[in-house]
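Both of the next two complexes hold chain A, though its partner changes from chain B to chain C.
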Partner chain A sequence: MYENKDVLLSIKDLKVYYSTSKGIFKNSAGYIKAVDGVNLNIYRGQTLGLVGESGCGKTTLGKGILKLVKPFGGNIYFNIDGNSHDTINLHEKEFRSFRKQVQMIFQDPYASLNPRMTVRDIIAEPLICLGSMKSTNEIDKKVYEVAVMCNLHPEHLSRFPHAFSGGQRQRIAIARALVLNPSFIVCDEPVSALDVSTQANILNLLIKLKKDFGLTYLFIGHDLNVVAYISDIVAVMHIGKIMEIGTTDDIFNNPTHPYTRLLLRSVPDVDKENIKKLRMFSRAFSEKFTNSHGCNFRSRCEYAKEICNKTAPSLRTLNSKNEHFVACNFAEDVIVSEYFYKKKAV
Partner chain B sequence: MSSEQGYETVLEIKDLGISFSTDEGDVRAVNGVSFALKKGITLGIVGESGSGKTATTQSILGLLSENARIDNCSKVIFKHPQKGIIDLIKLGKNDTNWSDIRGRYISMVFQEPSASFSPIYRIRDYFYETMDLHLKIKDKNKREEFSLEMLSKVGIPDPKGCFGRYPFELSGGMKQRVMIAIALLTHPLVVIADEPTSALDVVVQAQILLLLRKLQQDLGMSLIFVSHDFGVIRQIADEVAIMYLGEVVEYGSIKQITASPFHPYTKLLLGAIPRFEHRNTFLSSVPGDIPSPLNRPSGCPLHTRCPSIIKGLCDKSSPNFLTIKGKHKVRCFFCEKLMKEGN
Partner chain C sequence: MISFDSLFQRSKRSPSKEKDYYAANYWQLVWKHFLRHKTGRLGIFVLGFMAFCGIFAGFLSPVNPNGLDSMAILAPSQMPRFWDSNGFSVRPFVYAITTKRDPVTLRPIAQLNPSKRIYIYFFVSGFKYKILGIKSNTHFFGTKDGRKIHILGTDELGRDFFSRMLYATGVSLSIGATGVLIAFVLALIIGGISGYFGGIVDNIIQRLTEIVRVIPVIPLYMGLAAAFPKDWSSAQIYFAMTLILGLVGWPTLSRRIRSQFLMIKNEDYVLAARVAGASHKRIILRHLLPSFISYIIIDLVISFPYMILSETALSFIGLGLRPPTISWGVLLQSAQSIKIIEETPRLLFIPAFFIFAAILSFVVIGDALRDASNPYENQL
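Right after this comes the complex of A and B.
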């Protein structure tokens, strides 16, 4: 996929399972397959958007890539300085250098900042833990520089996080993520807790920083408008698996997986009344991680046939450009039937 | 009560002002809000967090916290089907009149379904409680039949199974459906829904919006739907009030507001929404941060952030409502100037 582009991270068959105790509300298999065999390439300088309903495994995938949770299986290749490193088997020293290159910004700007540290110390912490800077002067200079970049007032550096609004706290979190000059940042729903006007500020900032520093993002979100707005490539996730991946254009103008189509139809459009057109075939999302046979979307799918209970579809390409991948046994039927649906709706 | 275009007003808020006293001082949460809710109409209230949406709706049912103080001149006028006109603001916390208003003629749906259920009761207990209080249906079979019908109306796939469950056994979307079913059980005249879908995923949100819209029309109820999400409001509301720092700054039909917004704040809010068609362009955003409600700006509340500010005027006096066309009203000096120049 996208062979001529520069791959920064290559994720092969990544699995992250959480073990659970047995009980009526836990599944009896003993683990939740939060990420279940994900393959992805993330290209240098691009933003990969990851969408899906809550609980589908987005955060776990982001953490798995950064090794903040221990993968159950799979490989992650990280390309730095022209060499490809398998991050699963890094030595202590290599791991430290990997940790400097990759950062994560979390959804909740209230919970992710230590309330007992000043903004200056919060931003400086990664420099002290992982960086090579020793002198206070040098550190202050760097903190000042990233703070200004993130539109924070330098006089705010001596304050504590509680004194700030949600948008300001998220800018502090971004400054902290930037301080080690990383090449890759996982943005885990960074604007989901913010109001739309503040959200616009943060999105504008993330886009500017990406351009200025050639950053690569994995942008996790549940608001499809936001993900469409910021991403170059979009992956759609459902219960631990990628259902469809393609350029933002492919996903939003030519969605092919029944799940992608359901998601897109459900997005409330501010410019017109669109929800009325939603066909109410879909049953609610249920987190069932136990049965690994078959397609995990089948209980909600209007196209499901007998074979979908037995055979789990894997990602395959439908166009010659090799850019648009779909995991559905009946993708061709979906395209045809949606064509008729569209014609009828007009 | 006046009727406009044949619609009868069921609930009217007049000059609502609410302050909360806190350790840091007085928070002016709502500042002179007025609107009339007509029968069978959905009124959307949009605004960023902290704009006073929840305080406004909570004042209707007397649910404000102890530290709240409502202005003396404020009125919430409800047209009770039997008792006639009642000013709900004047009812004390324990006034007996509440018993056949709250949960009977006016009911509420909250954002967090989990917070409104106690884990020790089954779903059916909530139904029976509402029926005991308001509907006086004593027959056991009738009660069950009535409840199950409501549960299937809100799209619960297995009403009987759901009836015997505990709230924590249901997903967020299912809980929200159950809460809607309970709220609608008494066929209320007014339903107040405060961000009822904000905690839900987009597919479930769409289902709940469709459902609320359908039930509201079938039962002829009036709905107050509060949200910070303009897209959601677009789907459900007939009329919209835009709130900023405790004031309604623009009011109109949903089409008027989304197609031809006048107020600088409404325009900024609409422009800040990312749209697929406008990718690769910068989003408009309201400059600066929202002022602390502890020290509200003088004059027009937006003047500290407004791109259209008229210096010497906006920071000194507060604009009045100006009618643009029909229901469409705006409070802004700049719009006044534009209208004058246009004429």
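Right after this comes the complex of A and C.
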């Protein structure tokens, strides 16, 4: 994919399973395949948007990249300093050198800041743990610098998180992610917990920081408008698998996978109470598909045919530019029907 | 949650106070919330008073708590007074006790003699005692001539009940505290390892904990207590008792500490600390422990009554502390006979009331702490 560009991070067949084993001796093994064979390339300086319903494994994929969850299989290659490193089997100690390069912004700014620490201590934590600075003065200076960059008032540094609104908290989280000058940041739905007026604020801050520091983002979201606004490339995920990937333009103007089209039609408006339901729904799905072959979207797909029960479609390209990939056995039919659909509408 | 806007609006009224609030750390907030709790304040006051009595028992008691007084068996309480039919006195006094014999049973009967006054003096010297390692013989109040006064009367051996209550309060509270402390240290280590590392380690530790938990407590207490050699000194028995209480008490606490670890170790801010490259040690000390130390304190406060009750129960059935050590349980045990309940019910009811008050205080403090421990959710 996009071979001429500079790949920062290459994920090959990544699998992250959560065990659901029960019983005293954990004998009844079961898995939730939260991420089930994902292949992705993330290009330096670009923003990859990752969309999908709640519970489809987006956060798990992000956590997998940062080794916050144990992967079940696959490879994650970091291309840093001209070398490609497979980090999947590294121990925490060996992974430390990558920690400086990859940071994360969490979804809920009310949960991701330790309420017992001052803002200064929160932002300084990566510096203290991974940085080369030793003196408190140096650390203070750097924290101050980053805080100002993230539009935080220096006076706020001595306060505790309870003094701040969601948007301000997310700025603090951004400052923490930025303080080590990383090259890659996983943004896990960084604005979905904020109200609309603050959302634009934070998004613009992220865009500005990306420009200023040449950052690369994996931007996770379920709000399609937000993802379209910030992303260069968009990947659509459904129950642990990537269904379609292409430029933002391709995905939003020329959706080819039936699931993408469903998403775009419904523009899911997932509020907090629904998340639980959806989770249970997708958990039921992922358990159901644990030992099954075939396309995991088939039970909701209007194009499904017999073969979809047997053969799992893999990502394949449809256009000559090699930029738009889709995992569907009948992608061509979808395009055709889309064509007629549009014609009728006209 | 506290919204910034609501804080901001209030900040117009008192900017400096709001600034304090922003910069207030967790414990300052908890303390502020705690103080708003009336019952919690009352509990603190009652326990503080008891702890004071217990610590300064030697100084506060006018009479040696184990001193026998054959001339005042089951004496009535000699309440200090300032006036009576014979006139007013600036110096408080009590009526002296005279002992007559019952004409039928020939038993000695101690009675107050309103015609004889004993004046009370302050900071007088009396029997020797030790407080926190400091030896002294000065007492807060007493008599000049060494005559004994019994504010709450005496028991069937003529021992001063007031002094015995003071000493018992100290012993019972301290035994509870030591027991809780031992249980807590064990629980923190065992539950902490179990919860933080999880997996097989957790599994093994939990099975072992369950084994300890299913041993019925009363027979275990009895077995252990009966195993005390008869020739042990009261200090040794005291120490062994705290150890037993601690050893029996840890599994419940350890379970809760484990579940706290399990719950908090997957909180986003702990994950964020891992992303920041924090070591296990830093995560445990900077993130995990501070987050649930308040819950642990609540647990400790709530498990206090169990310790005190266990001690009381054991001593009551004669398996715990033994005289000359004095505890609430020992006092109750010596007040078991029908005769005492009939003639001098205060020997039973005063310690019982103290136990009741102490336990209730612990419960209301625990309650108030629980409310206060989450200061970010309820605004001040």
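Note that in this section the second predicted complex is superposed on the first by the 308 of 346 C-alpha atoms of A that agree within 3 Å, B and C clash if a C-alpha of one lies under 4 Å from a C-alpha of the other, contacts with A are read in each partner's own complex, and residues count from 1 in each chain.
As a convention for this text, a residue touches a chain if its C-beta (ideal position, glycine included) is under 8 Å from a C-beta of that chain, and two chains touch if they have at least 3 such contacts.
Keep in mind that what you see is a predicted model, and the values were worked out from it rather than measured.
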item	value
Touched partner set for A:R99, first chain B, second chain C, both or neither	second
Chain B versus chain C as contact partner of A:T248, first or second or both or neither	first
Partner chain in contact with A:V336 - chain B first, chain C second, else both or neither	neither
First, second, both or neither for A:Y229, with chain B first and chain C second	first
First, second, both or neither for A:L263, with chain B first and chain C second	first
Chain A residues touched by each partner, larger count belonging to chain B or chain C	B
Partner chain in contact with A:D108 - chain B first, chain C second, else both or neither	second
Which superposed partner A:M117 touches (first chain B, second chain C, both, neither)	second
Partner chain(s) touched by A:Q168 [first = chain B, second = chain C, both, neither]	both
Those residues of chain A which chain B touches in one complex and chain C touches in the other	165, 168
In the complex with chain A, residue positions of chain C that touch it	1-5, 7, 21-26, 29, 203, 267-269, 271-279, 282, 286-287, 290-291, 375-376
Chain B-touching residues of chain A, taken from the complex the two chains share	25, 53-54, 165, 167-168, 195-201, 203-204, 207, 222-226, 228-230, 248, 252, 262-263, 265-276, 278, 280, 282-286
List of chain B residues in touch with chain A within their complex	48-49, 155, 157, 169, 171, 173-174, 201-207, 209-210, 228-232, 234-235, 258, 268-270, 272-276, 278-279, 282-286, 289-290
Chain C-touching residues of chain A, taken from the complex the two chains share	26, 63, 66, 68, 96, 99-100, 102-104, 106-108, 110-118, 125-126, 129-130, 158-160, 162-165, 168, 173, 176-177
